[in-house]
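Inspection log for the structure reproduced underneath, given as structure tokens.
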Amino acid sequence: MSVHDLEQIFQKKIDEEVKIEPKEWMPDAYRKTNIRQISQHAHSEIVGMLPEGNWISRAPSLKRKAILMAKVQDEAGHGLYLYCAAETLGMSREQMIDDLHSGKAKYSSIFNYPTLTWADMGAIGWLVDGAAILNQVMLCRTSYGPYARAMVRICKEESFHQRQGFESLLVLSKGTDEQKAMCQDAINRWWWPSLMMFGPKDSESTNSDQSMKWKIKRKTNDELRQQFVDMCVEQVKLLGMTLPDPHLKWNEERGHYDFGEIDWNEFWNVVKGNGPCNKQRLEARRKAHEEGRWVREAAAAHAEKRKQQPQTPKGALAAA
Amino acid sequence: MSVHDLEQIFQKKIDEEVKIEPKEWMPDAYRKTNIRQISQHAHSEIVGMLPEGNWISRAPSLKRKAILMAKVQDEAGHGLYLYCAAETLGMSREQMIDDLHSGKAKYSSIFNYPTLTWADMGAIGWLVDGAAILNQVMLCRTSYGPYARAMVRICKEESFHQRQGFESLLVLSKGTDEQKAMCQDAINRWWWPSLMMFGPKDSESTNSDQSMKWKIKRKTNDELRQQFVDMCVEQVKLLGMTLPDPHLKWNEERGHYDFGEIDWNEFWNVVKGNGPCNKQRLEARRKAHEEGRWVREAAAAHAEKRKQQPQTPKGALAAA
Amino acid sequence: MSASLIDYTLHLADTTLILSQRNSEWCGHGPILEQDIAITNISLDLLGQSRNFYQYAATIMNNGSTEDSLAYLRTEREFKNLLLVELESGDWGQSILRQFLYSQFQHLLFQQLQQTKDEQLAAIAAKAIKETTYHLRWSSEWVIRLGDGTDESHKRMLHAIDELWRYTGELFEAADYETAMGIDLASIKQTWTEKVTAVFDEAKLPVPENVFMQSGGKKGVHTEQLGYILTELQYLQRTYPGAKW
Amino acid sequence: MSASLIDYTLHLADTTLILSQRNSEWCGHGPILEQDIAITNISLDLLGQSRNFYQYAATIMNNGSTEDSLAYLRTEREFKNLLLVELESGDWGQSILRQFLYSQFQHLLFQQLQQTKDEQLAAIAAKAIKETTYHLRWSSEWVIRLGDGTDESHKRMLHAIDELWRYTGELFEAADYETAMGIDLASIKQTWTEKVTAVFDEAKLPVPENVFMQSGGKKGVHTEQLGYILTELQYLQRTYPGAKW
């Protein structure tokens, strides 16, 4: 079959909502786009552990500590699913991690902002996870099978996190004056970066058309962003808080909320590596990887030794 | 002159209270004893910075922070005087530090106890510095000139520290119930180790006779210890606290307070390296020294470069 | 008896909490993603156990204490955790070894506790023992892997033993409240030593002898580390007294 | 004006306090005994300056605030110190370089402050400038020594520059309260750049160009480091509210 024929069959499957599976023929660009997107998504989960991990030792109650720790752990799990999904496309986890550490691969810019108070844990759950979910719900129907299936698992946990985040803000919003101020302050700081999570405006976005055609994406950045704004405007009322945008206003005609202009200058700066924590985040990941090298080497060496000698009955399990 | 004659002249000077100076003849054992004692004293000042340094970042008021920091800094200064005094006897500072780090040289065992609460800062000032001072006051008249002169400077600062320590306990003793409890607890923990600072009982002490004859020491361990007990029994009343010894009792006949038996088992264990913090203290010192190596090497290399080239007028000072 | 029960329950609560706090430092910083998840799991289990113990202690105390007031509003000298669990985490080898030494102890202790007369303690122990079995298996495997891995990992494990072994004596040194509760630490010690020796043997690691043992944690006399742990742990509760979270 | 004066005074107080806190980490851990003493001296000077500023701020606020309530009972978002001073101390080279970058700034700023209309601020600055002159000289000498020392020290200084330079922009980015106070940061910037360039030249260190600058500290938006500093700094005051020490 000619490449042209293969491409036609491929597109037909896409059009008929048949999932593409690892061993099937796919265009190189489709493979590459998926690798880029899935690995970027995986990296975001892993780097995303850092801003929240920052508050585990200081969580204000044992219950909150447990919730936070479990949440950050879930993110590690999501990272794992996603690395596995990307591996089905032929790229090793080690290679993906190297690309992250060299700066070649990206991760979501939102994690380059610092977590300054406890309320940030709630704001991240509500806004950041909230924004992520809209994207992820869409991705549950993405055309590449392993990615779509990973997303289904992830989405469930993620919306649980979002509810927990919102609930945690709700407690603050009903708390002392200091807690209320902390809550509002966190919303103020995380609102705009959350809107940026959907990426550049459609008019500025490259790759977007092709991704829509391949059903890797099914909604545009601006559509998702609008959906997010509409959702948050309602939810913030339950908190008795406000969103930091004087231009937020119901537009009867559009049936959506209008909102102010994003600071695209800030957006591109953070993407380019100039956010408040880009350097710290990458250094933390590199450090963990470097300091873990001897552990990985030892585990490999031990596994090798085990292969050489037949297991004695008195193994590690017998000791327990 | 025969060694015997030299020894007689030397002992005559001692007997007539003439200080021995660096360039003068002295018995090898006198030199060694002084090196051992002065370097041990210097090490004690340096290691002694650690338990107190532990609370600088957590001092409860800016004033207390300043006082504590200045005190720990003074100890560094004392260490410096003492290393210099020991160097006059022909041992380099580097060698002394190596001996400390290898465990060959000792330092006062008291610093192998942990500082667990803020009240420990006061208790160390009152009890530990108080015990040290009795020794040091005696040493102001020790026979080796540089040591005696270093002691005169040190004694002044040290008695200032002791008063500050006592005053800090006094504030706690008049504070909240929690502060009072903290104060009593610190006294309970530091009392016995402070008594141990005077060393083994005279009946168990080696070196002691010779040191008395050479006027390196002028009072025995037990004499100094008794003096300390008598002093503290009175002072603790001002605090409204108690000393943790049920056997403390005025002995009319002796004109001194009787006191309970020291746990010599604990004493020897700590001396042998088994105190709660021996390992931590030495590791902290070794680490500082190791991590400072590149700094010392760079400073030496730079000084060498400077020697090679005549100073340009645009030196570092001009920059300021 | 009630005072001893409270003290003992707090001792168990503090020990599991502080070890959880220490292990959670690895969350997001582990050497391998799968193991990052595993050690955080252990942290979560320990945290859950500590909450059970604190809640039970609060019930017995019956003076308005809660799991949070007990964890967040007691001071260094009131904490009764083992010294072992408050030490700096060190490298992965040291963290693993600590977990193994403690899990082996906890596993034997909780087997005994399951039989204790106090029904609540017995129930908490029974519930925790499944988790503990997993912690023990996981950490044993890692001790063996690292002890019998590369030269470097072996060396690091020797260093870890050197750092930690002197804190294992306290596990078996009965505090008054343990004696009052009838905990038989002597029998645990014997089995613990056998089991640890078996794993060390397989890991090609030496079992240290004649090490002078440190203690004090059970009585509230800690290392200088605990204070720093508590400043972070308790920061928000101390800063916003009375606030609900 | 009064609000700006308070904010500005607190900004100066916070900056000197936090740098003092950071430098004091070296106390007992310096690379050479003489330098351990020197950096502790600088910590003490900065602490003294911060107390003067806090006391003055408390006087203006006239609401029962004290130097201690201002230092110990304000939160992360209320602190107005420069980001530069809250960063981890790093190695000796990094600590030295930070001190130099800050001292060079402080020296120029306090010269200007001496002339300010507010007599108290002018007096505090005048008193502090002698100390600052010494800090600047000491840290300049060390930058030169390490930059032009060994290959390793040179490399470490390059790393320090890489870590710190992006936080120097904030020194010259005027907060509202600085503008209101009439502080002329533009003229300071020019001289600062010249002076720093001169020392870097002598130290054989490159002056970075086109670095994207971080800011936020002056407005209370900090790095994640500050929270940890405050947990330790404020621990006792938070734990025993209202106690006198």
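Chains: A, B, C and D, in written order; residue numbering restarts at 1 for each.
Going forward, contacts are C-beta pairs under 8 Å (C-beta built on N, C-alpha and C of every residue); 3 or more make two chains touch, one makes a residue touch a chain.
The shown structure was predicted, so the numbers you read here are calculated from the model rather than taken from an experiment.
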| item | value |
| --- | --- |
| Joint neighbours of chain D and chain A, given as chain labels | C |
| Distance-maximising chain from chain A - centres being C-alpha averages | B |
| Length of the line joining the C-alpha centres of chain A and chain C, rounded to whole Å | 34 |
| Gap in Å, rounded to a whole number, between the CA centres of chain B and chain A | 57 |
| Between chain B and chain C, centroid-to-centroid distance (C-alpha), Å | 37 |
| Set of chain D residues in contact with two or more other chains | 75, 231-232, 235 |
| Where chain A touches two or more other chains at once, by residue number | 58, 178 |
| Chain-level touch network, classified as line, ring, star, complete or other | other |
| Chain pairs that touch, as defined at the top of this document | A-C, A-D, B-C, B-D, C-D |
| Residues of chain C defined as touching chain A within the complex | 17, 21, 24-25, 27-37, 40-41, 43-44, 47-48, 50-51, 54, 67-68, 71-72, 91-93, 107, 133, 136-137, 140-141, 144-146, 148-150, 152-153, 156, 195, 198-199, 202, 232-233, 235-237, 240, 242-245 |
| Residues of chain C touching chain D in the complex | 75, 228, 231-232, 234-235, 238-239, 241 |
| Residue ranges of chain C touching chain B (in the complex, touch as defined) | 75-77, 212, 214, 216, 221-224, 227, 231 |
| Of chain B, residues touching chain C in the complex | 51, 54, 58, 114-117, 185, 189, 269, 272, 274, 276-277, 280 |
| Residues on chain B engaged by chain D in the complex (per definition of touch) | 46, 49-50, 53, 56-66, 69-70, 72-73, 76-77, 79-80, 83, 118, 168, 171-172, 175-176, 178-179, 284, 287-289, 291-299, 301-302, 305, 314-320 |
